[in-house]
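Heads up, the next two complexes both have chain A, just with different partners, chain B and then chain C.
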Partner chain A sequence: MTEVSIEGLTKDYGSSLAVNGISVKIADGEFISLLGPSGCGKTTTLKMIAGFEDATAGAIRFDGQDVVNVPAEKRDIGMVFQNYALFPHMTVAQNLAFGLEMRRVSRSDIATRTARVLDMVQLSGYADRYPRQLSGGQQQRVALARALVIEPRILLLDEPLANLDAKLREEMRVFIRDLQKRVGITTVYVTHDQAEAMTMSDRVVVMFGGRIAQHGSPSDIYERPASLEVAQFVGQVNILEGKVVSPAAGDLTPVDTVLGQFLVRGVAPDANGTVTLTLRPEAVELASADTGGAQATVSASYYSGSLVDYRLTLDNGQTINVQTFPRNRWAAGDRVTIKVDGERFWPLGAPS
Partner chain B sequence: MSMRARSAKPFLLIAPAVLLLGLFLVLPYINIGIMSFRNPGNGSPYAPGFTTGNYLRLFSDSFYLEQIANTLMIGAITTFACLILGFPVAWQLARTQMRFRGLAYGLVLSPLLVGIVIRSYGWTILLGNNGMINRTLINMGLIDHPLGLMYNSLGIVIALVHVFLPFMILPLMSALQGIDPSIEAAARSLGAGRITAFRRIVLPLSMPGIQAGCILVFVLSLSAYVTPSLIGGLRVKTMAVSVVDALIDTFQWPFGSAMALMLSLTGALVVLIFARLTRMKWKAN
Partner chain C sequence: MSKPLLTGYCLVIYAFLLMPILVVVGASFNAGAFLTFPPQGLSFRWYVVFFNNDVFMRAIRTSLWVAAVSTVISGIIGTMAAMFYIQHSGRWKESVRLAMLLPLLLPEVLTAISLLFFVYSIGIGTKTIAAMIIGHVLITLPFVFINVSAAMESYDPAWSLAARSLGAGPITRFRRIMLPLIKPGVIGGCLFAFIISFDIFTISFMLKNIGTATLPIQLYDYLRTNFTPEAAAVSTVSIVLTLAVVIISEKVLGLRIHRF
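What follows is the complex of A and B.
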């Protein structure tokens, strides 16, 4: 199995710097996501790892060996494309056999390995079908099987679920993740869908404008975002201005906000003693009775079955968004009390 | 909408084309078919009564059989040459950035903008014994006697390739454009080098274009008249030229019709065999 190390990787298209000196280490067997909006350089990075794009500068090492000058067909990678890229003139079995034929695997071994992987992706009965005879989800599983049957060093996936409908997408997330764990293959997954990145990855690399904005575990990224951009990209967020009341005692700093005074972790106040705090909508609890907390008026509510989103107006006119379970329901115009755990605030510009 | 109106609609849509084909293709063919069994006339295009003699004459005279074979051969070689010359051009065009595509597309189509008669005359100026190519080669001292480039099958093939190349390139290009570049990338990632990826993936996937282009060029070459008659002169005659000779010069309508039908039938047979051999199982439903 393979450990991937990327150092100072750069792609300069002349008119623009698609990837600007990124460095990241991917451990053997790790599932890592490159997450970012379109044009952030995530796909270019993947193409450079695959060997479809030349790197302008930097190194890509597989187990310490630089592969920058190794052509794509010699890198021993398995790749799954957004549009599956199955060979339309070959049956499912022939699609799977292609990579093995390139490796001069014997005919009988091809048959056993193809059958085993088809079983793994639950497509055993489909060996003799042509791609056009399969549904989108089945085609996706064939693409996955074709990439895995060659037992590559690394699995690369380029937005593989983007063309599937919502329900199938969620099933495939779990499917791919389980399969990856079972096979134990080092995996790089490119997506612009934060939920996909969060649910599937061991680690998420958030990219903006060709640079890495933050990398860490899904909970690091979500709960301790490095910047406002990251915080907003991976979910909804409320921004609150805070004023440091007194110097930090250990880890915790008392901060005054419109929602009251809280002990906040990781605060590095500027010279004026002010700090910008992020607060996720689901970190807030609501109550009808005045239990001692900030008061607000419900201005809108959006019910989505398992959750309800509220837009609240604080008495100072500021709007905050809250997400709760629909145990208690409030309607527009209701008065509510806001309860927040100080632990759930995260300051922007925190030293990481 | 009533059932009747709905079922009538597709018919109404194809009616003009069906009418045109019926009036100007099927009826003439029937007419030619009947004419080919008429008695040859003496001083008139044909005489009363029917005979199979025209076909017997065609099949018993090795001159005409050789002419059919030669015509088919010219068609096949022209088609193959267009395929070999056209494929790289179509490939480049299909994969070129947008900026140059318009210009390149125009260049491919440009031969079609000049009338076929003018282009064929142009080739007689180039290919003749005293033509530009031979004179240049003699002046350079590379040859003593002019090369036989005209009044033979080679000259006809050269001129036909030039005339029909766009008809090969256009269908090839549209087939190649339809191949998603990531399919090729997938083949590379699975361990195929450029040549293997081309042979195993790109070539079979471009088969619909190869098929269409080859059939077009082959059929056009068989029926070409202006170019073979100008380049071939009196010495080499293709079937189409002989048909026109029989119908217009020697006034043998029944024999000319028999030749015309033979040309169509052998051409259709070759196309059918070709289509059968290049049948794409993965395209079928």
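What follows is the complex of A and C.
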């Protein structure tokens, strides 16, 4: 039951500012992801929460109590490392028991707690194996179990799925998320994989260059990105220039674009009345018949099983990317009509 | 190279390397009064003479004692130095390494003479065995350092961090996590240190206090005036002792390398 509050956290390495005054509040039991490209300061932030790195400035509070001067071994955190960092000379059971021994838990309690957590990660029969005798996914679950068995105040995960193959990675996402929900532990998850951050988190914190670019729910981040950088980092995006036709009526503004005129939410036009709109590829629908929308020519199509990606060329020469289900298929050279709902546009620079 | 040819080549090299040892061992079983090879008849008489020779027995005890003490000191200092070397990356890293290996690169006689001046200038002198132990530590330190730092290369710093997050302080982290994982390197380094120390001549010769002699010094002394097979018996015993140390440490302490 721990709520984490980070205020003005800064890490100055002398030559560079790795983390530049970030502030986040993490509610009790919340799963939050720090998402960003390598070097954005997400791992440094995690290490400061863990106590492996000293903060240059700012505060980290667990339930209101500043832990900046508390050494890592006394912070009561559970940490899962990218390469798992299981102790190779200890069995699974000994790995799990280590943290409990440090807490002077009695021998019989160690046995029951270890067994319970191993059962939770579905590794009951593996107590006497050594880490080298386990597969990557199993090692991953042991690492989780080792972090959870001490019943820490918060759980920190540093790109824990980066070393697994694609299929296992998707299974583990669900597994970790379900486990976290069941245990109800406050969790901070570091990743550079946007899909991971989106599927697992209650809230995503997008970081660029040591600062928070945006934080919000996965759908906030994806559908209402605060900047072009964020929009592009969390998925593919089309950029369209728009011209405000008349002043907003309520929060809807009529905007003229190359795809036609739409009522767009949240527009804050510049002095010239222009606005930059983002449009996700899957927000666009295509039709063969001319239903009155903008016309385009298919210049390429990429089939990936459940989805098809099209590259379209509009009549003014602009390229637009579209993603649809493969119910109807078009080939290069086909003419298509584009259908978009105005709600699916999101203006950049919008007040969020 | 074809396989039989390679095998033959290896046999020749081994024969060349091992021949002197075989000759010494063979000569020690000589029944005659002089150190010759091939031996004139087989007998254990020179072993009997050797084991009844108080001077040699005392020298063996001194050698074992000096080797044990300097191995412990070298083991501790060398391991700490290797930990420092691995954990610190900076522009001084290579200088630290070079400084640690310097005793290997300098001629032993030079080190011995410098040490002689050093122990007198700091007031220790050669009245006690301390000077000799300082010398042995200096010479054996690089062997511990090389072995331990090699073992540390495959030590993942995340193991220490994981132990830290689980609540382990620095001493527990070293004792329960790092030491068991670098143990093969530490034991290997200490074995080297022990064997080298047992064998050192120049340093011991320069820094010994009057009345103390290690086995190599005693042997040298002996050979200046005598030429009996007893010298070969002494050498054989010292070879067996060295081998015994290696085999016992392997069995007792376990040199098994952990596979990850």
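FYI, the second predicted complex is superposed on the first by the 352 of 352 C-alpha atoms of A that agree within 3 Å, B and C clash if a C-alpha of one lies under 4 Å from a C-alpha of the other, contacts with A are read in each partner's own complex, and residues count from 1 in each chain.
What we mean here is this: a residue touches a chain if its C-beta (ideal position, glycine included) is under 8 Å from a C-beta of that chain, and two chains touch if they have at least 3 such contacts.
Just so you know, these numbers come straight off a predicted model, no measurement behind them.
S.K.: With the two structures overlaid on chain A, would chain B and chain C clash, or do they fit side by side?
M.R.: Here the two partners, once superposed via chain A, clash with each other.
S.K.: Let me test your reading of the model: by the given contact rule, A:Arg103 touches which partner, first (chain B), second (chain C), both or neither?
M.R.: In the superposition, A:Arg103 touches chain B and chain C alike.
S.K.: Now for A:Ala72: first (chain B), second (chain C), both, or neither, which partner does it touch?
M.R.: both
S.K.: Jot down the residues of chain A that show up as touching in both complexes, chain B in one and chain C in the other.
M.R.: 50-52, 72-79, 81, 83, 85-89, 98-99, 102-103, 132, 146-147, 150
S.K.: Give every residue of chain C touching chain A within the complex, in rising order.
M.R.: 156, 158-159, 161-169, 172, 176-177, 180-181, 258-260
S.K.: For the complex, give me every residue of chain A touching chain C.
M.R.: Per the stated touch rule, the residues are 50-52, 72-79, 81, 83, 85-89, 98-99, 102-103, 131-132, 146-147, 150, 156.
S.K.: If you look only at chain A, which of its residues touch chain B in the complex?
M.R.: 50-52, 71-79, 81-83, 85-90, 98-99, 102-103, 130, 132, 146-147, 150
S.K.: Can you check the complex and tell me which residues of chain B touch chain A?
M.R.: Its residues touching chain A are 180, 182-183, 185-193, 196, 200-201, 204-205, 207, 280, 282.
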